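Shared chain: subunit A. Partners: subunit B in the first complex, subunit C in the second.
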Partner chain A sequence: MTTSRPHAASLVSKSAMVGYLPLVIFVALLGYLSIASSNFLTPATFDLILRQAVPTIIICMGLSVVVMAGGDDVVSGGIDLSIPATAVLSAAIIAQQVTNQGTPLAAALVMALGAAVLVGAVNAILVVRIGMTPLLATLATSVAVVGIIKVVTSSRRINVNDPTIVWLRDGTIAGVSVSVVSTFLLFLILFFVAHRTRWGLNLQAVGGSREAAEVSGISARKFVAQSFIVASLTGGLAAMFVLARGSGSTPGTEENLLLEMVLATFLGAAFSPRRVVTLWGAVLGAVLVSALSIGFKSIGVNVFWTGCIKGALILVVVASASLSTRVASRGRAA
Partner chain B sequence: MNMVANTGGAGLRSILVRYGFLIIIAAFFAFFALYTSSFLNGSNLLNIVEGSSILLILALGMTLVVALGGIDLSVGIAFDMGAAFAIVAMKEYELAWYVAVLIGIGGGALVGLLNAFLVVRLAVSPFLATLGTFFIGSSVQRVFTNGGGPISHRRVPTEYRNLAIGDVYGIPSEVIISAVVLIGYYVFLERSIFGKRIHAIGLQQSAAVVAGIKVRSYIAIGFVLAAATCAIGGIIGSANLRMFTPLAGFSYLLDAIAAVFIGASMHPRGRPNVPGTLVGVLFLGMVANGLNLMGLDFNTKDALSGLILVGALAIAVAQRKLR
Partner chain C sequence: MTKSILSGVRALSLGVAAAAVMATSAFAADLSLAGKKIGVAVVGTQHFWDREAFNGALDKVKELGGEAVPVDGGRDNQVHADNHDILLNQKVDAVISILGDGAVEPKFEALKKAGIPVFTVDHLSPHGVNNTTSDNYYMGTTIGRYMADAIGGKGKVAVFNAFEGALRICGIRTGLWKYVMQDYPGIEIMQPELAEEFANAPEDARKKTLDLLNQHPKGTIDAIHVGCWDQPAIGIVQALEEAGRTEIKVTALDGGPDTLEIMAEEGSPFVANVAQQPRKIGSTAAMNAARHFAGESLLPQTFVDVRPVNGPEEAKAVYKELGYGEIK
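Take a look at the complex of A and B:
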């Protein structure tokens, strides 16, 4: 055993190196951007990055809760691909009600959250009751929700100039943008719930090992179902900031939101020491993704290339994660 | 065989388990037949078959990947690449139509090669690998068409155009091409030793490795073959419109997945299979056709077909679990 230890150690460090590859690439890209674009490293740009990231941050936190409850295996574990579509549906409902029907914003928000919860409940039923894999179930609901968005908006853009939405976009509290402050508050609440309450700890136990949780008397199905509801609620809340960012609802927003959500969440996992999806990681990932988008825009890269770069980054992140676990397990076997 | 073994106590239940989805198909069929006057016309039934042929080709590619235990979210990209490569080969390089068809299939196969590299060499899960391919492929199409403008080629050779709108003894050529692909896939997946090995890999990969099957080569070839098949669909689509429409393939993705899972729900052991996929495709084609005949507006139709899709998938999976 002792003779094989140096060999194993070198393999482990190799696996760690492969695992940090995405971070190295990201730091290199950001470094390049700050050199190439003179105004990239300014407080104004940083504020812009954070504000642009807000909808992604919020839905990433929702996705993290689902992954916490369902486990982090992409195929059989927890994932919710319908959060971006839910966010855009809620935004469409609010825009339609406020602009076209003259409903007060608060009432419109309640309706939007109700619709979001409905989507979450459908996901929960499909996954927990019927036994579909979360991937297939949420992909299907996402397509159905996009269809419903078309009915709500007649595939048209709807402007919103409600004072509260404008305040969410332009307002500041003590010099910090309102949207950033409220996202931070939401993060604190979710962090407290997930890490300091009985519900949150049970949720994480279910995701860690479903069998162990069931043996100790925790109903895994209940927590998985609730995680989908929480995720869709974050989608409903993100709708307010989707509206603020775009000054209204635009059909087709969900595709880019989905791309950023997946990239940010898996990138966030690369930050965590155990390579698991965490709230912190999701927030950090979303900010980094937003920084890249804005950075590329500021040095004049064709906006159509950014989708390609992000897609390639997703692949680099997940490939290095799976390669590093493969190297690590080979080390353990030796 | 299973049926005979099970009929002891729960006759009705086993009938529901095996044929539950067929009952739903029959119900939809009866509804459309009663609700719209033209649904049952012979020419409309032929419309359903013709309108389903491109989806059938993509769904067969998807069946292969799902039978291997994976999933392919980039079938739409392979579809688009098939159309783009073939149209550009004829428009810019003035190549003969059959060369263009081969180039189109090759262009689609490139997408499969990328997937195979990611899944087999880099050990990325098929879902994330093909999702990444999907994002990259969509972005590349936007870059080369300045945001998604179609590339039209009005003077395509007649032979190429006939791939979509021609007919042989009154049978539309789309139907003939998809029938050939269907028979090819049936023989390959359900009647050959390769198909047996593919199903073995999908059922339990580690056991297949132990049994001496070259799992990695099979998975790689499976992705390439599936993508090349989808490219055939793209070629037919481009022949029909005489243009390459960027991102057109995406609309087939969920339908193809749904068809495969509906088909799997009808298999005695819940496996994806070629005849089942055919039934799934015809069901979706029938629903799309029926909703059209009901004269709903475009957006409502989209929403309804999305909801029917979710319901159909849910029933298909629930039925498989009852077993």
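Take a look at the complex of A and C:
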């Protein structure tokens, strides 16, 4: 009995150390990049990092909401792998409507958001009604959505010159890119909804402990379903920035987005004191991932090595999250 | 008398040729990129063409004394476009940009605004100083004639045509192929046209061809043409062999060693191509950057020679001529 307490304490501190591991690796990598590339630590690079991170930041916020509601176990908890595909589908719909059909942008956006909600609803039904694990359900919808993208675009690129999209790409407000400002506003709104409203608090309660939430009369199923709709909506909104960034819709854009979304969101958990996925953590994670991509390219690292490093980082992030949880639960048990 | 005139003309022409060679080499020796940082952006390096154009540019930049800053899009047009932001941020002196779709245009515009000249490869842009490319007009019409001949001037043709609207070079190649088809009323271009993927093109085209063959029984397709390049043709030939439908003729454009080898095989359904010289294209773009810095004014486009390839024997000959080795 006397030895179990120090043992438990050392396990808890071990768990904290493991949890911080991804962050330590990232900071070390960024430190290295700042030394290796003379112009890495400049305002221009920072602006570039933020601008290139925008679509990833938005979909990461969507994924965070799903993880908040479903719990942060990567396999059995909340996850939505279909958000990047939903973003690219929405971008394809807008591009197809605006460029090929002459539809006004606002109307095209409504259609795209409608399609996004539909994808979210399918995810919700698969997970909540049918009881599939979110990982498999959203992987399946993602594959289906990529198929729909090909049908909508005939696997072809569609250029978009709409002035609003061009403004999102090139415009600035007080010297800051419009896309960055809009993303910050979206973050504030989502942060408010998730942390300052009853809906948000209930959502987090469901993710924290589904049983406890059910006992206090909160319908976990309802919140999990709604989280998928919110996530898909962020995909629909990200479409505007996907279009702005690419000056049009290009099939295949979802692959890179998926990699960055998963890496950024779970890396973001390392920022939170309890190692859980949070909105602001995901945003920071997305910025860090973008910084790494740009940094590696600035020092001339081969693009395939960059992909390899990102893959390895996902492994480190996810593995350290599971390890940290295991060590912590052993600590609690001791 | 005639003999002496002829020998005089020959001597004169040899002299002119020698003088031209000397002038060119003297001029080439003057070219320099010393002290210049040249960004070289390529859309991907998985395919022979992209890799050769990229290496050709990089090697020439180094040979001319410049510092090359390479960035690779990993066969993703969005990543390729974003890489230009990094070159802008690195404050390079010039950018050589290889391929890319409409996503790169605003990036070129930003580079131009920052006073960084852009030299494109296979991408005509209003914001570029010069575009180095193959003679796409010749490629489109030649492959049209060869394909029509291969099927006796009549029949049904399926076409892989994902990029006619997205890349100008593809618009030229496929547009002129269609222009030639107008003179063969017996040839029908099957609708809808097929669209190949930009990444994983061989495997994607293999699957799409197998689907096409399932839908159209033997005797109802005479040729499959790839409008702008030939990586999908690798998968098309594979599918035809798997389905035992090698009577269908395949034509495409680019002619790297991988596809020339397939063409050279006995009884290969892949019958015609137009081979480009991607390494020369890349190095010419780097030379053009040097010419620009030397104060020379460049024409909007520099065209690099191509080699038409009609049948297996020509495939073997061109393979050897372009320095890829020897096919026995």
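FYI, the second predicted complex is superposed on the first by the 309 of 334 C-alpha atoms of A that agree within 3 Å, B and C clash if a C-alpha of one lies under 4 Å from a C-alpha of the other, contacts with A are read in each partner's own complex, and residues count from 1 in each chain.
As a convention for this text, a residue touches a chain if its C-beta (ideal position, glycine included) is under 8 Å from a C-beta of that chain, and two chains touch if they have at least 3 such contacts.
In this text, all values refer to a predicted model and were calculated from it rather than measured experimentally.
**Student:** Tell me which partner A:Ala174 touches in the superposition: subunit B (first), subunit C (second), both or neither.
**Tutor:** A:Ala174 sits against neither subunit B nor subunit C.
**Student:** Tell me the contact category for A:Ser247 with respect to subunit B and subunit C: first, second, both or neither.
**Tutor:** A:Ser247: touches subunit C, not subunit B.
**Student:** When the two structures are overlaid on chain A, which partner does A:Ser322 contact: first (subunit B), second (subunit C), both, or neither?
**Tutor:** Touch status of A:Ser322: first partner only.
**Student:** After lining up the shared chain so the two structures overlap, which partner does A:Asn302 touch, if you call subunit B first and subunit C second: first, second, both or neither?
**Tutor:** After superposing on A, A:Asn302 lies in contact with both subunit B and subunit C.
**Student:** Report the partner of subunit A that touches more of its residues: subunit B or subunit C.
**Tutor:** B
**Student:** Check the residue A:Asn159 against both partner chains and state whether it touches subunit B (first), subunit C (second), both, or neither.
**Tutor:** second
**Student:** Tell me the contact category for A:Ala106 with respect to subunit B and subunit C: first, second, both or neither.
**Tutor:** It touches nothing on subunit B or subunit C.
**Student:** What is the contact status of A:Leu126 with respect to subunit B (first) and subunit C (second): first, second, both, or neither?
**Tutor:** Touch status of A:Leu126: first partner only.
**Student:** One more residue to check, A:Val151. First (subunit B), second (subunit C), both or neither?
**Tutor:** first
**Student:** Intersection of subunit A residues contacting subunit B with those contacting subunit C?
**Tutor:** 150, 154-155, 302, 304, 307
**Student:** Where on subunit C is subunit A touching in the complex?
**Tutor:** Going through subunit C, the ones touching subunit A are 45, 69-74, 76-79, 81-83, 85-86, 89-91, 101-103, 105-106, 162-163, 165-166, 192, 195-199.
**Student:** State the interface residues of subunit A toward subunit C in the complex, per the touch definition above.
**Tutor:** Residues 39, 42, 44-45, 48, 51-52, 150, 154-157, 159, 169-170, 245-248, 250-253, 255-256, 294, 297-298, 300, 302-304, 307 of subunit A touch subunit C in their complex.
**Student:** Note which residues of subunit B are touching subunit A in the complex, please.
**Tutor:** So the residues of subunit B in touch with subunit A come to 71, 118, 122-125, 127-129, 131-136, 138-140, 142-143, 147, 254, 257-258, 261, 298-300, 302-307, 309-310, 313-314, 317-318, 321.
**Student:** Mind pulling up the subunit A residues that touch subunit B in the complex?
**Tutor:** 74-75, 122, 126, 130-132, 135-137, 139-141, 143-148, 150-151, 154-155, 259, 262, 266, 302, 304-312, 314-315, 318-319, 322-323, 326
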